[in-house]
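Two complexes follow with chain A in common, the first pairing it with chain B and the second with chain C.
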Partner chain A sequence: MSKFEISNGKKIVKPFNKIWIVLGVVIVLIIIFWQFITYNTAMFNLGELSVIFKQLFTPKNTILEQRTWSDYFEFMWELREPLWITIQMSLGGTIIGSILAVPVAIFASRNIFKNKYINAPFRFLMNIIRTIPLMLLVIIGVAMVGTGVLSGIIGYTVFSFGIMAKMFYEVIETADMSPFEALESTGANRLQAFSYAIVPQVFISFVSFLFYIFELNIRASAILGFVGINGIGEAISVNNLYNYDRVGATVIVLFVFILILQLINSHIRGKLE
Partner chain B sequence: MRNAEKVLSRKPKRWLINLFFGIALILALFISFQGSTINLIRLASFRYALRAMFNGFREINVEFLLGFGTYRFEEGITYMAFQTLAIAFIGTFIGAILALPISFLASERIVGKKAAKIGITVITIIRVFPEVILALIILKAIGMNPLTCVIAIGIHSIGMLGRMFSESIDNMDYSPIEALDAVGANTWQKIRFGILPQVIPELASTTLYRFDINIRSASVLGVIGTLAGGFGALLLLAGSDPNNQWDTIAALLVVIVIMVLIVDSVSAYLRKKLV
Partner chain C sequence: MIKFVDVKKTYLNGVQALKGVNLEINDGEFVAIIGLSGAGKSTLLRLINKMIDITSGQLYIDDIEISSIKGKDLRMLRRSIGMIFQSFNLVKKMSVFNNVLSGRVAYHSTYKTILGLFPKNEKILALESLDAMGILDKAFIRADQLSGGQQQRVALARALTQEPKVILADEPVASLDPITTVQVMDDFLKINKEFGITIIANMHHVDLALKYATRIIGIKDGLVVYDGPASKINDDKLVEIYGRSLKHDEILGDPDVEV
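Take a look at the complex of A and B:
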């Protein structure tokens, strides 16, 4: 803390900057957390990075196996089957989960149901479900109905439900309430008022959230192969360590598919608005 | 009356859109369930699966959960939770540090429209790779350990953080910088007194939000290998034979839900204080 004296004799104390406290806390936390990060410098081999990038995006070329570019593209074409499984899982999960989320989101929004005791349990449910990772949900699905599309749909449904409920209730809460009140004053009940005053305002958001969640689900599927779940993630986990060219091909396919999804989404949103 | 009828007939055909939308949804559902057979034996045992699940919650191995008794603390799930927190925290920190210069490069108002394209391209390329792929690449260079997850999460965070940072820098009020120019401040002083005080709360809030996301991805990123840290080993165990691992699944569920809930509420509280 430094003090200044200006010409009229007044003393000014420069306020202590709180940012130093924050920085100190962050540094202490990093030092504590660093104890949990174990590593072995003997295994460091940074030169491998450029090698692996080459392996990812060119056909495999070793003494034992030699592949050509046509093999590379053929593998991309073969990926349509796991990709289709992933699409089925995400599509079913997104639609069912989002539809289930709508009533919960309505009950959780404070401007439709003004009673705090009605909102609270629904919000609690939403928050709890949102914390469970997709991978655990799909594992539970597999344990219940066995491997296959159905288990994926179960997992993705719960996951999509959590995200949609959270995002949709935020949209409902920020909607303009004056048409709702106007309709209520003309004698409409709450359901009628909601469907004529709020639904037109939030419908477009709902549709764009549907696409967003679908895209999120496709993205999230990349990691699921490691715990033995069918879909595009399988192509990554099975070929990991040995066939890096196939992993690279999967990444390209996934990227192009997500890009197409984003383009369709922005196109449809432009049409609806 | 006639006029009213005319107006009514000019009303947009809302039902047509709704019908189209509904048919599309039903069709999509139909497609997604194609090929998924309902196994009657499975369906009959569904009851038992549910019961096994709730039994799993009762049979949680508390010693394993907290890491005492027959287990060392380093073997317990609580240790894994702290490790996950560590991976997410340090990863987010690395991501934020790296995103800062890139975001200045990507902001149109600081480096100009043409130069901003470079930064934007870097951000877009980083966003292409899913976290798993990044982790698999880094694994080659660093080996199978938690540090791999830290770096993967750090690099993946640059994508979103860089874009949001550059947006907040673009939306900044530039009059303080002009004022500093007028009194003869040098570049560092302009950054220190003109830019940083404005953007730091927003950047911190964005970083905290990213921490929320990273804690979720850190808890599953460990599956790239048993030694990769976090809950990886347990998730692999649960995934290998989900039918008989209900107690593991239940323990994971409890720990992850509590951990993420705490992180969520702390970061929400801090973000509310910041803005």
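Take a look at the complex of A and C:
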């Protein structure tokens, strides 16, 4: 709190800014949790790190197996088939999940449906779904239809739905409602007003979210081999014990592919804006 | 014809915006509603197209009592009434043409409008409306590229494309500069004279209201305190409406002199 007095003698008090309370709580929490973390400098073994990096990113070279760089790159080239399977699963899940998310996001938006008894069940649905980890969703998919592309698509669909519904309804809620009011005043129904007043405002974000979720799904595919899903994750799960070089090659392929995706996303976004 | 019979409006928070209004507005009139902020001008306007519902009394439009209508009938009512807003209420990221065409959506089924299937004659109508407002050359650029005055003309073109019998204007020039203000008011006059559309406008600037409107309705504390031709209004009447003499900002002045 601080008081100001201006030249004519009038006084005004600046109210206390609540951000200081928040900051104080955060600092206290950091100090408390610092006490629980046990560490000593010997735990930071940079030497071990360099060994692992060498195992990952150079061809395997042991007494039993000697591989060359050409083997390393050949393996990368062989990854195109599992990568294609991963793309199919991720893209299918992203598109189906995102389309299913659209109506749910609309019903969850307080500015479109002003009745909180309409919003609440849809918000509850999306919150519940978002609490389930992708790994578990895929296991459920495997239980339903067995291992294969379809179980991956099921897992990715539910996962994508949860993220898209949440992000899309937040964008809808921040849209400028004045054209919506104008459209309603012309006699348009709610759906017409939404498609003419809100959709043009949120379309670019929707496309951008599609790319982001696709990217998340591709990234998550790295660990899905462990639950028996085909695709690029399989190359990691079958090699993770002895063939670190193959794991490293897979990581590089994934890294490059995600980088390309991000470039395409920012390019398209720039074009649409 | 629009007829208010003892219309009252009390908001949920207890504010009595209108305390019993009786009015008759005939087809083809140019009516300006004046009064202090909070006097109930906006409420009065929005009751006509049911953007706000009345609390008690009757409101007739062409002899149909509208306080109980809803659903399709309500949308049909709104279709015949255009509305102009202080902040234009355009979709800024959409082209001027699509903004204007959106005035037609209430004439079609939902699925047709979502797919953007408008008949050719309506697209022509949208372009003709833009031409009538003098901004045909701006049809295919984004609305946010236009100046404030041009955006309000797009909004007017949207209302014209709707082919309404009445246009309600809520402070249509309050966010425009004096020169643009006169241009937009001239457009209102043109719509009133050439298209025969009734104009009911809330006006902040009293001199503008007197210059353009044929009839003035003065509102004070939710009641009509003046209702008559613009020519018969005088300083005493204005003091009655405003409860004081006019402030500088309630008079636009003569923009031709100011420049």
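In this section, the second predicted complex is superposed on the first by the 225 of 273 C-alpha atoms of A that agree within 3 Å, B and C clash if a C-alpha of one lies under 4 Å from a C-alpha of the other, contacts with A are read in each partner's own complex, and residues count from 1 in each chain.
Everything that follows uses one rule, which is that contacts are C-beta pairs under 8 Å (C-beta built on N, C-alpha and C of every residue); 3 or more make two chains touch, one makes a residue touch a chain.
These figures come from a predicted structure and were not determined experimentally.
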Contacts of A:W77 with chain B and chain C, given as first, second, both or neither: neither
Touching partner for A:Y242 - first (chain B), second (chain C), both, neither: neither
First, second, both or neither for A:W69, with chain B first and chain C second: neither
Contacts of A:Q201 with chain B and chain C, given as first, second, both or neither: second
Partner chain in contact with A:I223 - chain B first, chain C second, else both or neither: first
Contacts of A:S178 with chain B and chain C, given as first, second, both or neither: second
First (chain B), second (chain C), both or neither touched by A:F16: neither
Of chain B and chain C, the chain that contacts the larger number of chain A residues: B
Intersection of the chain A residues that touch chain B with those that touch chain C: none
Of all residues in chain C, those that touch chain A in their complex: 49, 51, 74-83, 85, 87-94, 98, 102-103, 105-106, 110, 113-114, 155, 158, 162
Of chain B, residues touching chain A in the complex: 21, 25, 28-29, 31-39, 42, 46, 49-50, 52-53, 79, 82-83, 85-87, 89-90, 93, 128-133, 136-138, 140-143, 145-147, 150, 200, 204, 216, 219-221, 223-224, 229, 235-236, 238-240, 242-243, 245-246, 249, 252-253, 256-257, 260-261, 264
Chain B contact footprint on chain A (complex, rising order): 19, 22, 26, 29-30, 33-40, 43-49, 51-53, 56, 87-89, 91-93, 95-96, 127-128, 131-136, 139-140, 142-146, 148-150, 153, 207, 219, 222-223, 226-229, 233, 236, 240, 247, 251, 254-255
Contacting residues of chain A [partner chain C, same complex]: 176, 178-179, 181-189, 191-193, 195-197, 200-201, 204
